[in-house]
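The next part holds the structures, each set out as structure tokens.
Presented sequentially are two complexes of chain A, the first with chain B as partner and the second with chain C.
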Partner chain A sequence: MKPLVRIFSVLLVFAFLMAACTPATQPADSGKKQYTICFAFQDLETEFWMAGHKAITETLKARGYKVVEVNSQEDANKQLEQVKNCIAQKVDGIIVIPVDGSIALKLIAEANKAGIPIGIFNRPPQSDEGNALTVVANNEKIAEATVEYMAQEAKKLGRKVKPLIMVGDLGDPNAVGRKQGFYNVINKYPDLFETPVEVATKWNADVARDGLQAAMTANPDIDFIFTSSDFLYPTIQGVLEPLGKWKKIGEEGHVIMGGLDGDKTACSLMQPGNAYVDATGVQDLYFEAQTLLDAIVKAIEAGEKQPDAWLDDPGFALTQGNMATKEMDMWGCKLFHGK
Partner chain B sequence: MRIQTNHRWLLFVLRNISLLLFVFIFVAFSLFNERFASLRNFENIILASADVGIVAIGMTFVLLTGGIDLSVGATMYITGAIVALMLEDGWGVAAAIPCGILAGTLWGCFNALLISRVRIIPFMVTLGTLTAGRGLGLLITESRHISVPNEMRFGAVRVFDLVPIPVLVFALMVLVAVVILKYTPFGRQIYAMGNDVEAAKKAGLDTTRLTAAVYIISGFCAAVASVISISQVGSVSASFGRGIEFQAIAASVLGGTSLFGGVGNVFPGTVIGILLIQMIQNGLIFMRVDLYLQEMVKALVILFAVFVDAQRMGLIKRLERRNIRLEKRIARPAEAKKLEWTAWQ
Partner chain C sequence: MTVTPKFSPEAVSNTLKTFIQRLLLSEFFIFYLCVALFVALTPFIPVIASPYNLSNLFSNTWPLFAVAIGQTFVLIIAGIDLSQGAIISFTSVIGASLIATKVDPAVFGQSPIWGKLLFEDGAILAHTPLGVPIALLTMILVGLLIGFLNGAIIAYARIPAFMVTLVTQMFFASLAIYFVKSENIINLPKSFTSIGADSGLLSIPLVMTVVLAVVAHFVLSRTVFGRWLYSIGTNLRAAVVSGVPERKVIILTYMFSGFCAAFASIIYSSRMEMGRPTLGAPFLLDIVGGAVIGGSSLAGGKGKVIWTFFGVLFLALLGNALSLLNVPFFWIEIVKGSVILAAALIDVTRTRILQYHV
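Then we have the complex of A and B:
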């Protein structure tokens, strides 16, 4: 009898747990069909992803959509399983921040097969196979505009400079695009730049710190740093400060610095009187979120099964030269100023 | 016994091959770039080794008993998440650090309970707590990237303007570990248990308590490493501590710790192992090896080092093996050498 009681107890606890996990209230029936959207994202590693996640979920909920959120924790296979699971739940639309460009293709294929509209946010698929609504920043152009401003600042020094690039995860098309944008400018001014030093970061602050520390020791004359993501500024500060190289703009020994994302930290480091960063490339986060949501909602409501469009975010470079006019166009500055 | 003494030098080389490999790689990188051999760069290597090295110390304790702890990265994340969230909520560093370390140690206690009392194999338990721990970290941080205030960024502060805090903590942890393993009954019991658990039980050792203790030590070390890492990086994100378990295991094994237990030490073994890994990583940046190739080159060098290490263990055993028949032929050393060479093959 004892084993039976044990099994019964376990089942009872399990049933209670399952009951606790179900939503407490069911949406009220307003006569209009409530659409369900599956939002599959990876870890919210940086302020950019956090703000993007918030913008998407809050806007959808405000429009009366039910949102099923799944976090793949940067595991591509897990993301595929999660999206398959969403498809099995017969959601009306899928929005994905893919772990990488190749898994994005598989997710698109699955959604197309099931006839569910899919939107890809900010990280482009590796090729244009399949039908999806893809909103993505032009990373190469934004990086190029940022590094171009930095190059103009470097020219004022009247000598050659030694550049360093902190490269993101090489499996991420965004990182590759940013690297390309950096090199477009480096190659444009061969008389201004020495051979660049590359440091791998894998989008990991710990890896970035070790790499930057080694690179600064090997090349103490580095005076031009471009980071592929703004979230690495605290790490850069941690390395440069003990070396006496963390200097404000205008101070002797200032390292010309720029990044990409347009986050709150970058904004704080560009403020007049406390400016360490010369320029940062801005992905227009709110534009991207709004554009994708508008497109996918329109497709769902029109009954489209496989909408296909490439929605480009041109972005821009916020520099010390245009801070006065463009600052509040950067999402990180809106957060910084509490707006 | 004379045949063995003839190979005293060979044995010396084989026993210290990790150290010699370290020197060889150091010299090789130094030839490519003179700054590699500078004091500043050596400090960089030690600084980069501090957090992983502390995790590897705890891992060495676990490996010495024949166990494994895959959950150290998750323990680091839980600790880091608690420290960062407390600081974000306005708590001081003095409160946040002990709470974080306590949480990490408790995670180690959870491993200890499941392995020593419930008797589930360490691989499965720590694989489970690795996943659960990361999930817990994500839950409490809501997967956010959290920057810590400046008072927590003490990684660059030097004690007496000389030694950076992370290096000092690492050195202290090494010292304590060496004392425990070499000079206390507890340390000797760990080796005894790792060598032969059944014999240890028969000798009256409380293997349940010993097993529990090493997983708690591992959790504590991971928690301390987490605090050191935050002090250097200045933030905690979802990737915090990810993959560190493999670096820690590689460092211990490179340093001569056997995955089957009973053999190994923290100093010089594990310390050399972690310095070697960090030195390779550092050297590849000095050599400006293509970023796409760096990981492969690093893995190949580590594999080579482990291969050499495995070979030397076999050779040492053969050289130290007593052979009565060879002893009888001492009068004819040339023949003895020939026979011994055959024995190696």
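Then we have the complex of A and C:
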């Protein structure tokens, strides 16, 4: 009988686990309908996504919305399945940080078919098919403003510079916009820049490190680096430091450096007296979260099934020139200073 | 002589004991577990039984089941195929790069297949009437070829299957990424995407997978080839001595595994409406997990198509239930892992009881 006892013990544990997972009974509300929002995100691998996740969930909960959170761990098939599970639960609205721009199209199609408003946060769909509320930074303009400042710094050197861009995953329109913004400035000053070196990162720190190491070995004269995302600064430091190229602004051999996102690491690397980064493009994370939430809440309350709007985050470039006045407008600096 | 009354506590206890014993020792045990889980959860989350959710649940089950059938064959001969995920990814890219109707040069201009397979006005077979059938056939052929490569190296070079399929997994997963520089190919023709489109419970993937399963079940249970598989998995030396052409069988088994992966890739790619170079990467654990939970043995010689179906269904149902229960995302994997471990423990214990009874 011993084996049978073991089986029953395991079944008991199994039943207990499942029972523990059943949702707690919701307290009776005051008569007002409590809306449920499904928040499907790709993962929380960078400061930007962590801060975005926090801003969205906390704001929704503060407004009295029930939030169903699902994490696809960068698996597009799982994200599709999770959004469909949310649709099966008849949620009132869906907010998605898609794994990439391609799967966003499929998720929008599913939500449209079910008549549930869907909002896409920060990572836009690969085409304009379907109806969705999409909030996204104007990546091209922000990157352009950032690289323009870097170019002005390069001019002070009185010679040509060798630029390098760390390109994001080009399946993500954000990466395409940032690359375009970089090239807008490079092409504007043909006498200032040599042919740029491109390093593909696929938004992956390991891929970026390997590519940057190879590029620095092949082109030791690189003295101008633009990273399409701030989360790669530690990677850049890891490659430049052993080469003796990780120098503060003003030091001999300083590599002019800039990026885009506006995270805490970028802020720490721009602090007076300890500045390695010349400029960083800022996506206004809190503005984006607030704008999307306002739009989707309005659509839900108005009974709209397929709201469709492009919500633009103009962003800005935080530079060593405007640090004194604009620093606290950057979300990463707010986190850095504990606000 | 004393007669035990029909409804005496002792008789009821005996009947109950026999019933539970039969239930636990049944080869349908995992299926019963699925039913129990479904019935137990329905009052708490009625939406689990809704047609939309069931359609969603099974749309995830069919392709996973298809690829797990191939893994079951490999497990029966005491092998393992770690390359199935890579085959799914690679064939997804190959198929899509033949039939995409529109391709963005800004995204694919740097790809090595730009100007060879991909062009601005579409892929090479995009606007031809036989484009989709040829793409499907190519996907299957590529799956078979990779399977052949795996099988031939394992059978002739005598390198462990784990090592060989790990290498092919790395090679073809990277090749898929290289071909499209990690971009996804969208704009696939309707005739392709309609294969995996949601059409309720009775869908094309269901029909395709059931046909595959029936054929696979027939091969395993009614043919000499099926018996060869079990004999190789149970005792390779004895099988060889008995005249089983083990090299031929090993190669054919891995080819079938590659075929099943490509078959699943068709369903996944059409369902997601794109060719994804990373499509199969997350599936490996679910594929092997589904087959093993169903009852296939990693040591070989044991496994059935129907068991694998139960195992895959259990995994899919569990994932679906946890998601519908709104379990915090960081708990989902913990609960899933614990339940899989519990299922594996139960299976091990059942096997021991069965051996004791035999």
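Keep this in mind: the second predicted complex is superposed on the first by the 321 of 339 C-alpha atoms of A that agree within 3 Å, B and C clash if a C-alpha of one lies under 4 Å from a C-alpha of the other, contacts with A are read in each partner's own complex, and residues count from 1 in each chain.
Definition applied: a contact is a pair of C-beta atoms (placed from the backbone, for glycine too) under 8 Å apart; a residue touches a chain by one contact, two chains touch by 3 or more.
Bear in mind that the values here come from a model prediction, so they are computed numbers and not experimental data.
Superposition note: with chain A as the common reference, chain B and chain C are in steric clash.
Once chain A of one complex is fitted onto chain A of the other, the partner contacts of A:Phe231 are limited to chain B, with no touch recorded for chain C.
By the document's definition of touching, of the two partners only chain B reaches A:Glu241; chain C does not. By the touch criterion defined above, A:Gly211 lies against chain B but remains apart from chain C after alignment on the C-alpha atoms of chain A.
Judged by the touch definition given at the top, the superposed model places A:Val70 against chain C, while chain B stays out of reach.
Applying the stated contact rule after C-alpha superposition, one finds that A:Leu170 touches each of chain B and chain C. Contacts of A:Met50 after superposition: chain B is touched, whereas chain C is not reached.
When both complexes are overlaid on chain A, the residue A:Thr265 reaches chain B alone and has no touch with chain C.
Here chain B and chain C are compared by how many residues of chain A each touches, and C touches more. In the superposition on chain A, A:Gln126 contacts chain C only, with no contact to chain B.
Look at A:Ala200: by the touch rule set out above, it reaches both chain B and chain C.
Overlap of the chain B and chain C contact sets on chain A: residues 71, 73, 170, 200. Here chain B touches chain A in the complex through residues 33, 35-36, 38, 40-41, 44, 47-48, 51, 134, 138, 142-145, 147, 153, 155-156, 229, 232-235, 237-240, 242, 278, 281-282, 285-286, 288, 291-292, 294, going by the rule given at the top. On the chain A side of its complex with chain B, the touching residues are 43-47, 50, 71, 73-74, 167, 170, 197-200, 203-206, 209-211, 213-215, 217-218, 220, 231, 234-235, 237-238, 241-242, 265.
Across the complex, chain A meets chain C through its residues 3-4, 6-7, 10-11, 13-15, 17-18, 21-23, 68-71, 73, 75-78, 80-82, 84-85, 87-90, 100, 102-103, 105-106, 126-127, 169-171, 176, 200, 202.
Residues of chain C that touch chain A in their complex: 20-21, 24, 37, 40-41, 44-45, 47, 50, 52-53, 56, 60, 106-107, 181-184, 186, 268, 271-274, 276, 278-279, 282, 319-331, 335, 338-339, 342, 345-346, 349-350, 352-353, 356.
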